[in-house]
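The data blocks that follow each hold one structure.
Two complexes are shown next, each including chain A; its partner changes from chain B in the first to chain C in the second.
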Partner chain A sequence: MGTLSKAKREKRAYWFILPAVLCMLFVHFIPIIWGAYISLLDLDVFTLAQWTSAPFVGLGNFIRIFSGQFAVGQKYLRSIYTVIVYGLICIPVGYVIGLAVALLLNRNFVGRTLVRGLILLPYITPDSVAFNVWRFIFQARIGLVNKYLLKLGLIKEPLIWLVGDRALTAVIVASVWKGWPFACLILLAGLQGIPSELYEAAKIDGASPWQQFTQVTLPLLRPVTKTLLMLNVIWNFHAFNQFYILLGGSPGDAHVPSTFIMQEAFSNLHYGLGSAMAVCLMIVILILIAIYMRFKKGGVSYETF
Partner chain B sequence: MKHSKQTKESRMTEQTGLVERKKRKSPRKIFMRVLLYLAVLLILIIILGPYLWMVSGSFKTSLEIQAADVTRPGLEPRWIPRKFTLENYANVNKTVRMLDYFRNSIIISLGTMFFSVLISVTAAYALSRFNFKGKELFALGVASTQMFPGIAFLIPYFILFTFVNRYLGIQLRNTYPGMILTYTTFAIPFSILMLRNFLDTVPREIDEQAQIDGCSPFGALFRVIIPLSAPGIVAVGIYSFIMAWNEVLFAAILTGRETKTVAIGLLEYITQQQARWSGMMAACILVSIPVLLLFTFMQRQIVEGLVSGATKG
Partner chain C sequence: MMKRVKTGVLGIILGLVLLTSLAASGQSATITFWAMPNAPDETHIPWIEQKAAEFQAKTGVKVNLEIVGWDVAWQRISTAIVTGEGVDVFQVGTTWNPQFAATGGLEEIDINEFGGKDAYIKANLESTTYKGKYYGVPWFAETRALFYNVDMFKKAGVQPPKTHDELYQVAEKLVATFGEGSAIALAGTNAWDLLHNWSIILWANGGSLLTKDNKMAMFNNEAGVKAMQWYVDLVRRGYASKACAEYNQPQADAAFINGNVAMCYMGPFNIAGIEQQNPGLNYSVVEPPAGPKGKASFSGGSNLVVLKASRNKKAAKEWIKFLLQYENMVEYTKNLTHMLPAQVEVFADPYYDSGVWKTFKTTLEYSTAYPPLAVWGDIETIVQDEFKNVLAEYVNGTYNDKTVEKHLNAAADRVNEALKKEK
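Take a look at the complex of A and B:
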């Protein structure tokens, strides 16, 4: 076979990737770029049919978001604040529970395989199912949470969880329940990658179990931890299902960017303004990805997710 | 005499000390074991609690749930239904058109599964077996789609649908093909990367031999590679099915009366006027069953796919 036929052969690869490329262009890349353009228009339901005639407002939408004079902008900034608070609690708590359980499951006990299978249950449950069940659990008058809080004497009156100030707490509890098994799964794989000789050597050197944990386990889990946390931080800004389902489609004060943009674009029909908010969200995520790539270069790769 | 007695005594105390130490150690060990099992029990309670509550709720009468009141000792919500009933399952289609939503979800998920497997297997084959210009860019593009939040392209995507309808006369919104196209694209990035890992483990010599024997690359793919990578393909298919079954954000905007999926349909049990929790719990169980079955069937492959990146150097 000559070089020409080889080059010809390699060119056939383009036919193989063509369907995937077309799909991703149509669904991901063209909309993302187009969305950036729409964010400069005052596109609403009246101009949607004739979008070329939608008034070009330049950075007008962005000014409405950031000037602090418009309620919609303040609410959007508040939604970013909410999602950050949400992540700052959910990610560390999920990580610590995941790590504790992974350490536990790394020991030998009767029924370990069964428990290992069962911990995946929250992770694989459809979001729509899990958060609807939690919505039931958090109901004020008929819910389990209030039942036990009253029983324990921690509250005197049933609390309203899903509206107002406590909505974020409820979402965090449900999200931690749903999210920690993923961290556990990854950390368990990381733990199993640590050679047992290292622990034996540490024992011979007289290290206590706590010292073994801090001197052997934690440092060797660092690469896995780094990628896990960075991915969680990026995905945190995608948060939608838990807020949308648990809070019944109207998160009120507990809006996150995804739910707020959805409401602004599809209920209030301000497509241009919604796009501008989406662009801001993308910029935040792109910055995080840039940091992630920095980290990735120095450490382990985690390509699939 | 005296001396030997002393040593004997000391030896005895030494021995009792040894026994004591042994005794002291074993209760401690037992204690640790008990603690371990208690911790496991706690984990199981936390994991299974919401599940049991869902199951119990699905067997309660709607009257029992509506009448429950946490402040009244006699009317507290209970784990064991006061009266077992199957009416929630029998009436699952009565107030909410759940069976229609099941049909929609099955059609959309099966379509997504089919196209996602077809598209990702060819793309993964290209990544695994060919060296073409732009390969790195393609791989990067595939991986980067996982980082975009859905809301960032939902608005323009929705408008794109409007324009495709207006200028090409093709209705995509609220149609099966539109939803299958959307979900197929959501499923292919992970599928491609997973299948690429899988294909890399199939020796190159096998398909090279097939090509020497006169197969085209396309023929080699279908006659040799696909049969050999059946487990990976099944895993990717199941992943795609579950993804389409579970998706919420795009389904909330792009589906309508004719194509609404189960994930969105569940929300209809709760309206401003009425909360049908028992019906919703029964529907929740029915919605979970296909996912749990498929996942159990392919647990090992999917989990391996998930963690592969973390353990690789």
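Take a look at the complex of A and C:
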């Protein structure tokens, strides 16, 4: 017992991870490779039953999805634009709210643990539940948003939130609500990693609370901030649940890449085009992940100061 | 030692494979049947299971029933077609039948084996075809008619409308009595069957979705523009609630069923919903009001099809024949689904000449099916997309006289592009 050589131990370790690797292989890697292959085929309703013999079109699908001449191209580009706008608003807003609350929670007060638990509520609510509730909240006739806006006299008649230009606003509000607690959680952990001596030293040097925040807190939060932002960018780029649940399967101009791919591939049976779009989405996300890994490696901690 | 273990394991695996393949070949007497929730599960499942037991007693073939929701059915069926696994015989919506036939995944049907062409309602039979061949058997039919709230009509002192113009006049009075948005409930951007609702109006205006040879879009002509404007105007004039712009069909139905709104275009299947949710509702049904060019309605329903890759095609066809037997059809439509039979013979049952059923029966006689095309799904998506854009423009406040024309022309361009793929 316990006298296994290092090589043998390592060998045994491989056996232990084998089941997981096999699962990954069949659930992730093989389908991804198949998907990439399908993106080179003209696979649609006519070739579905004999899909292995669908005509090979090379990069034809990729040209179509980025060409403004085709409806599919226009819509795909539009969906990318939408998801970028969505991310550019959701991420900073979520970050600021998360940071403000994290700063508050970093102080000592009675019931702090309870409040810390409570703020996680939106984060731990399943997407399907949370966004369905938001869908009701935004409904024109019975929704709470219109009810209160009318009561406050801000609008004269009920607004329609889930169709047209306001649809994206509705999704952003719901997503910020759902997303900020995660930012808060991570930033709070970051705050607690900042040694109190640094603040004491700053105070002795005569730093005002604002200076303490900008000179000590913010720089030391930089590593967690980077991680947080990167994760948020990745998650936002393939946002699906919030759009699909709030706006339905075909939300017109409020399509994001994931919902549009779903519609093209699975509802309209354009598997070739859908796969091409999915491959592009995956490449973007892989690049983002590569950047994220770089960030993580090159992380800064207070010891480097 | 290790080697012996390995051979042993291999032997066991081989044995198992042999056994299961033997079992599979001996099990030819089982078929899997997918049906959509055509009636509430509590009555629907026991009925089909009882019929399956009768069928097994007669033929020795066991039927495994699975209820597949409409929301996932499209997915499940396309998967079954790609893999050739999972199901032998299943239900498809009439508008789906030609598309799945085009994939090459459905078994061709010899209609004479199922009583011949004349045994079925024409529009439903047409929906089973693709390039002149049959790929399914009509199961049940449905069509859309105008439901109205008798009490609200009495109070407003109006009669059910017979034409589009009359519908506007009636709506005007209803709104005067019950307030804005109370005249009619409409499905909006979230409706998956937005096209069905609009095509009724389109056809009544003398319009058509495609040219006769199915090569070009035609819905963007004057009749089409007029039909869509008429539809949107129901909301713009305040006859329908502005919130209708975001409704799906069940939301529109619910507004009528709850008794808040006086009219709604609905189908026979909604009667079950009324009985369940608001049995006290005093309603009646009239044929869809006629447009300038006459009466029209949408022909829908479901067909039964056999998967080409099925190993039990013969048994699957027998099961279809069994379900289509006279008594089974009467029971299934009358007591369970509140749909209409798609078989001429069954329709002769006196029940369908009573009450609201007579209205549906009359409407069905002139209702229209969509052209049986492989790219129909694309066409439906495109037209609905642009229709949604029209409604979105209304919501955004940018709607004007040219809006409908602009979007219908855009839709027509895209539809023509899609039609080029039709082989």
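In this section, the second predicted complex is superposed on the first by the 290 of 305 C-alpha atoms of A that agree within 3 Å, B and C clash if a C-alpha of one lies under 4 Å from a C-alpha of the other, contacts with A are read in each partner's own complex, and residues count from 1 in each chain.
Quick note on the criterion: a contact is a pair of C-beta atoms (placed from the backbone, for glycine too) under 8 Å apart; a residue touches a chain by one contact, two chains touch by 3 or more.
This is a predicted model, so every value here is computed, not measured.
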item	value
Side-by-side fit of chain B and chain C on chain A, or clash	clash
Which of chain B and chain C A:Ile63 touches, first, second, both or neither	neither
Partner chain in contact with A:Val216 - chain B first, chain C second, else both or neither	neither
First (chain B), second (chain C), both or neither touched by A:Arg141	both
First, second, both or neither for A:Leu198, with chain B first and chain C second	neither
Chain B versus chain C as contact partner of A:Asp44, first or second or both or neither	second
Partner with the higher number of touched chain A residues, chain C or chain B	B
Which of chain B and chain C A:Ser267 touches, first, second, both or neither	second
Touching partner for A:Ile89 - first (chain B), second (chain C), both, neither	neither
Partner chain in contact with A:Pro257 - chain B first, chain C second, else both or neither	first
Touched partner set for A:Gly248, first chain B, second chain C, both or neither	both
Those residues of chain A which chain B touches in one complex and chain C touches in the other	48-49, 51, 139-141, 157-158, 248-249, 266
Touching residues on chain A, where the partner in the complex is chain B	9-14, 16-17, 19-21, 23-24, 26-32, 34-35, 38, 43, 48-49, 51, 101, 104, 107, 109, 111, 115, 117-122, 124-130, 132-137, 139-144, 146-147, 150, 157-158, 177, 182, 185-186, 189-190, 193, 224, 227-228, 234, 237-238, 240-241, 244-245, 248-249, 257-258, 261-262, 265-266, 271, 274-275, 278-279, 281-282, 285, 289, 300-305
Complex contact set, residues of chain C against chain A	74-75, 78, 81-82, 84, 99, 102-105, 188-190, 192, 241-243, 245-246, 248, 308, 374-375, 377-378, 381-382, 384-385, 388-389, 391-393, 395-396, 414, 417, 421, 423
Chain C-facing residues of chain A, complex	44-51, 70-71, 139-141, 157-158, 160-166, 248-250, 252-253, 263, 266-269
Sites on chain B touched by chain A in the complex	33, 36-37, 39-40, 43-44, 46-51, 53-54, 57, 65-66, 68-71, 76-77, 118-120, 122-123, 125-127, 129-132, 135, 138, 141-160, 162-163, 166, 181-182, 184-186, 188-190, 192-194, 197, 217-218, 221, 242, 245-246, 248-249, 252-253, 262-264, 266-267, 270, 277, 280-281, 284, 287-288, 291-292, 295, 299, 303, 305-313
